[in-house]
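Several structures are given next for inspection.
Okay, so chain A shows up in both of these, paired with chain B first and chain C after.
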Partner chain A sequence: MDARLRRVNKEIADCKNDKTSNIKIDLIDESPFHLKGSFPGPEGTPYQGGHFEVDIVIPESYPFQPVKMKFITKVYHPNISSASGAICLDILKDAWSPVLTLKSTLISLQSLLCSPEPNDPQDAEVAKHYTTSKNSFEETAAYWTHIYAGGPGRSSSAPLKGDGQDEIAIAGLDPAHVSGFEALGFPKGKVIDVLRRLNYRGANAAKITEDRVVQELLK
Partner chain B sequence: MLLRQQPPPHAIFWRGSFFREKRNLQFRSLLEEGGDVVSGCGETIPPLELPGGGSHYHHQPTLPTAEMATFLTGDMPDDPIDFPPQSQAPGLRDLDAALRCSICGELFDGPVSLSCGHCFCSCCVRTSLSTKQECPTCRKPGNEDHIRPNPSVEEAVLAWKRARQHILHLSKQDTPASADQAESGRPTKRLKRTRKVDYDSDLECIPGPSSSASRSASITPLTPKRHERRKPVSKALIVRTPKKAGSPIPSSDVEESDEGKMTSRETDLVQCPICEKKVIMTNINRHMDNNCQDANDTRSTKSQWAQLMGNNKAKKNQTRREDNDLERLPKASYDALKDRVLKDMLKEHDLSVTGDRNALERRHQRWVMLYNANLDKSHVNRKTIPELRSDLKLWEEERGRRKKHAVQDIETYERQHKYEFQRLIEQARPKQGTKPSSARDDTPEPGSDATIHESSDVERPTMSL
Partner chain C sequence: MSSDYEYSDDENYFDDGDDMDTQEDAETFDEDEDDVMGVDFKTDDKGKRKAYELDYSSFSQSDVEDLMKKDIEYICGIFGVDSGFAALLLRHMAWNKERLVEKYMDNPDKLLVAAGVAAPETPIVPPNRLKSPTASQAGNTRRPTRTGSKLLGFGSKSSGASKSPTISPTISPTSSFSVQPKSPTSSEPFTCPICCDDVPSLKPVALDCGHAYCSNCWTDYISAKVNEEGDLIVRCMGEGCALIAPDSFVHSMLIPDPTAPIGDAEKEEANGNTWKRFQELLVRHFVSSNRDLKYCPYPGCTNTVSCPSAASKLSLTSVVPTVSCGARGIGGQMTQSQQAQGNLGLAGKEHKFCFGCPIDSDHRPVVCGVAKMWLKKCRDDSETANWIKSNTKECSNCQSTIEKNGGCNHMTCKKCKHEFCWVCMGPWSEHGTAWYSCNRYDEKGGIDARDSQSKSRASLERYLHYYNRWANHEQSAKLSLDLYAKTEKKMEDMQITSALTWIEVQFMKKAVEEVDKCRMTLKWTYAMAYYLASGNQKDLFEDNQRDLEKAVEDLSELLEQQIEPEMIPTLRQKVTDKTVYVQKRNEIVLDDTATGFIEGRWKWNVSVDGFDDPENTD
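Let's look at the complex of A and B:
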């Protein structure tokens, strides 16, 4: 058995044995070098109660090269791409060290959820959302946790009123803003798209003139 | 009650249920398919009913890849979790873990320390330093010049390797027994008691020097009924032992002369009345006849000294000579080397010169690493040069196999990875559907969704906000 396989074996066994960390590693297909890690969202964050899954690919020269990880579960987080699940974390890139393990890396991901780093974003729009109106960001992140990661629903939110409501909440926008521009005759999808891109949220909405929004909508 | 919650013994000593679940799944699917069952797959593992949680695992009935086969059937590498947990055998897991390299997870093979003091296998840390010049643990800058062999750790690992199986065996014996007598207390207690009993029985054979208490103990046959008496007796003995060393001549004891049994004292030490040296009882006469010059003794000390000095000298010379013979190889800057020079360098060590330039470079690089790492071990543990050569060959073959595996035999490869391909195709399909629309919408804006994600997958953008 070569060294890489031996080490991966040990790491999986270690995770299986550790009941306190709540980190799980499973096989995805027939290769021991393609795994799925999962962990609960950290308490006291908008991700609380969610169950997050991570796709793990172990490279040829592991452990001398970092593991490749990306979120399978959709996450609303400045350092995680909301579209692809790609993760921006130094230890997965140049700060990797061969003493890091699958478990310790997954724990690092868990703590990344606790402490977003908006100055080094993976998803620029989410980062903008985070920096301009943190409350609204947290609401959206909790909503994503609810619908994608099986987390608890927001206590304040009314039961879902169909797809439209869904879309607006996913984008983290105010339904009133969306319907306002919709009334001007623009399709809803486009309005959501533009408003999200412009970060038309909370206090930031006041800084953006309606003309600017319409200009964007007409493009 | 606590003990009742333990997993059954086979689960403790057989690596977690995870592997068994997986193996069972694998085994089952192979059976269902009628495919070749890799022997050993089902033999060692008792069939387990699959727990409900196991069903979430998405299992595809494809033949296992070569790696998977090793993964499933190969012996689990030894690991700290071979030992019972902290609650049952305190410190054993920690001890085993402490003697392992944090890079490869194996017991140290040629342990070396960096200037920060962190210890790794020589091979591991050399590979790590070749990618990044820092200590893998504390990230303190370091390079190959900082590598220092750590012979103490090497010795500890060797000793532990010898003891490991034995201790594993002992702990294995201990746990089921303690599970049986669950109400009698913790297993560690039992371990202690076993030792005490052994201690007592030792003392029975070697009769006590002068006390009636010990004598009675030595004569008394040990029956389970007498069990409670043994403890005080052994205590008395333990207390007496230092006293005996201090008391000069035991024969003055009245009780002893009464007993008149001298056979038991043959091995006792007595003080010589002339030179006041301690001499074995049976040798005392000869000792005094020789004018207190124990021939045996003097010869041995002399020879011992000679041996010590001589051996040391010889060893030192040897070490020096060997170290001169085996200078560490310098790293080469391959960019500056011509093919011919590189080949000469390989020939110098009787290595093969086949393959392209890349292969040659990698081979030489690896050779230098293996060779130097080997020198970090103490003399007795070093491999011979031919052994190193075959190691290098093995390494190259493994690399070659990995590469070849991906290229050759396309059909089997396709069959083996059918599921993976399907999954990738499925993943790609919806993306293709959405891409045109999103591209239409987003392309003009530089900060748009699509552009960010695409670029950030390659390199993360630095955003000024």
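Let's look at the complex of A and C:
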């Protein structure tokens, strides 16, 4: 039997037998080389209670080349692209070693959620949010966990009703800021877009003049 | 003028002008063919080196391997270590022996760990099993990308130094790896943690760190590293393990003992190729670490050229280190198109390249810095400049470039608000009431405006002048492939239709080669002329350029002619004369420019790396 197939089969079986780690690996279609991994968000983080799914592609020369992984579930995290789910992690690139397994890699992803590295970001906007205001970042991350990963709502986050509130919370912005600029006659979507790009949050909001925001809005 | 150079009457006329073969004499390759046909062109060789030539030598891959071996033996002798270790240490220090010795004397343990020769920690971890949860491992290594795997585990080396037996290189000087008959912990049979195979015949193999995997996995791993990543650093497969497999280990994994063959011919061949590729990577690494050496950039060629006189950056302002690795044609596996080109004559082309810069052709007479500037300018500018020239005008006040994309002739410059007429470029105010129709060509304002515009336009025109000629010669040089094919056909025809023998019709081939060579020179003279500061020196240079160009075009024309059988003797005479003349002119250009560089005669109109600024010299 092909060594790659044997190894992947064994890895999937190992994962099934292991009840303690809470890591799951499932087939997406017939192929054993395109899988879906999933794990619960780590306790004590904004991702707690969420269920995160990862798309796994096993390359031809596995295990001598790293697996390709990206998040299917949308995650608000500095090292994970909020748009595509692409992951910035050394063991998925040059620090890969053939002894690493699908399970150990998924565990690594889980622990990446515990300790973000904003200095080496995949998603620069999220990383900026993280460095300027950690509290606000965590609220947003928890909100994303709630709406995308099925996590519980946070009591501290703004009360949720209607689509508009969602958009603001997804962007991690203060509803008061958004409605302030909306009152000047700019469409809401645009306001959210600009404020997010400028990282108009927490202490940073005081550093950005209103003129600057309006200038951006007029572009 | 060509009659002055009646070659057959007075061979000694070309006394000091040997043909290009002198340069080739410096090389080691076989020149039989040229020598035979050189009878026609023989000129006295006084053995004097031309100003535009320089000493270099060419090495084959095995020559370079010998050089590497010498360095390795030197280190072995000093440190008393195994040659595999010495090679890893040298590679780690980019083959800088002095620095290596210094560092080794300073702190041998630290160096050994950093070079991947010794493991930093004592405990030999039993091979990881898939069964054991790897959460702790994953926790240790989780780290965003690009921080590099080199950081892993290196911190502990000082504490581990005293207790680690593997750190001392003298412990295992003879064998840098060990084939362990049994994995350290097992009473149970060995299961490879990578392929999960547990056939009893499986042999665990490990480096000094003890991370054992089956030999098949090692082979696959090495193949993936070498073939897919082009990496010669094969680290242990263990997670975070920084130990590097020595060459002997790589060899033993790829080329097994003749006593125990794999038995799969296809696989054996693939592994053999991987080993070849690995050796090539080693040589390339050695060559790229050494300033005196450069790898031949031609596809499939594995030769190396050594040219110490062009190794420093400073020397590149006075010499153009055009070298040739000695090989010809395209080596390795030829693609179909390459083969087709080969049939057209490319197969016989020398591997000429510049030692000092990445341009993989002969860019004499112009020095690397200027050639690079010119190529960059051409890449950036040529098409844009052409478009600008045909579609835009400059504002007569502020010289901003303006494209008129509609509307009337009353233009208002967006930048300086100057109002002018698009047709005559004069200020709009002078047009009085004659809106929309410009009949005031002779107005003073209009003339002034056109004057200032033409000045700024002139620089563009000037560039295009040089560029078009440069591109033209490049194009012609490309077409010379066709010319080769045609010439070959002509030569065959001549052998049939006339009494001439094969050797005697070689004059055509020689002529085509000469034209090709001269076109290369001509091409680059235009790049040079563009940057030369105007003055007597430039005039002289352009005179030489003109003479060469005229001669080359004449010869080209001769070669394109239809051949009538009765004309052949005359044609042969003419072509031979002309070839020698062209050769002579080419030498004059090359020699004069090269001497000029050595004497520091050339001044540029822009600032060039390594030369004085134009302001200071004028």
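Criterion: the second predicted complex is superposed on the first by the 216 of 219 C-alpha atoms of A that agree within 3 Å, B and C clash if a C-alpha of one lies under 4 Å from a C-alpha of the other, contacts with A are read in each partner's own complex, and residues count from 1 in each chain.
We adopt the following convention: a contact is a pair of C-beta atoms (placed from the backbone, for glycine too) under 8 Å apart; a residue touches a chain by one contact, two chains touch by 3 or more.
Every value quoted in this text rests on a predicted model; they were computed, and no experiment measured them.
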Putting chain B and chain C onto chain A via the overlay, clash or fit? clash
Could you tell me if A:D14 is touching chain B, chain C, both of them or neither one (first, second, both, neither)? both
Between chain B and chain C, which makes contact with more of the residues in chain A? B
Once chain A of both complexes is superposed, is A:F64 in touch with chain B (first), chain C (second), both, or neither? both
Check the residue A:K134 against both partner chains and state whether it touches chain B (first), chain C (second), both, or neither. neither
Once chain A of both complexes is superposed, is A:F33 in touch with chain B (first), chain C (second), both, or neither? first
Taking the superposition as given, does A:E117 touch the first partner, chain B, the second, chain C, both, or neither? second
For A:I91, is the partner it touches chain B (first), chain C (second), both, or none of the two (neither)? second
Taking the superposition on A as described, I'd like to know which of chain B and chain C A:R212 touches: first, second, both or neither. neither
Using the touch definition from the top, say if A:S104 reaches chain B (first), chain C (second), both or neither. second
Stretch of chain C hitting chain B after superposition, from 273-281, 309-317 or 525-533, is 273-281
Does any part of chain A touch chain B in one structure and chain C in the other, and if so which residues? 3, 6-7, 10-11, 14, 63-65, 88, 93, 97-99, 119-120
Per the contact definition, I'd like the list of chain A residues that touch chain B in the complex. 1-3, 5-7, 9-14, 16-17, 26-34, 60, 63-65, 81, 83-84, 86, 88, 93, 97-99, 118-125, 127-128, 131, 190, 193, 197, 219
Under the touch definition given earlier, write down the residues of chain B that touch chain A in their complex. 15-19, 22, 57-58, 60, 62-65, 67-68, 70-71, 74, 76-77, 79, 81, 102-106, 124, 127-128, 131-132, 134, 136-137, 139, 398, 402, 416-417, 419-420, 423, 441-442, 444-445, 447-449, 452-453, 456-457, 460-463, 465
Touching residues (chain side chain C, partner chain A) in the complex: 128, 130-131, 133-135, 137-139, 141-149, 152, 193-197, 211, 213, 216-217, 220-221, 224-225, 228, 237-241
Which residues of chain A touch chain C in their complex? 3, 6-7, 10-11, 14, 18, 20-21, 61, 63-65, 79, 88-95, 97-101, 103-105, 107-108, 111-112, 115, 117, 119-120
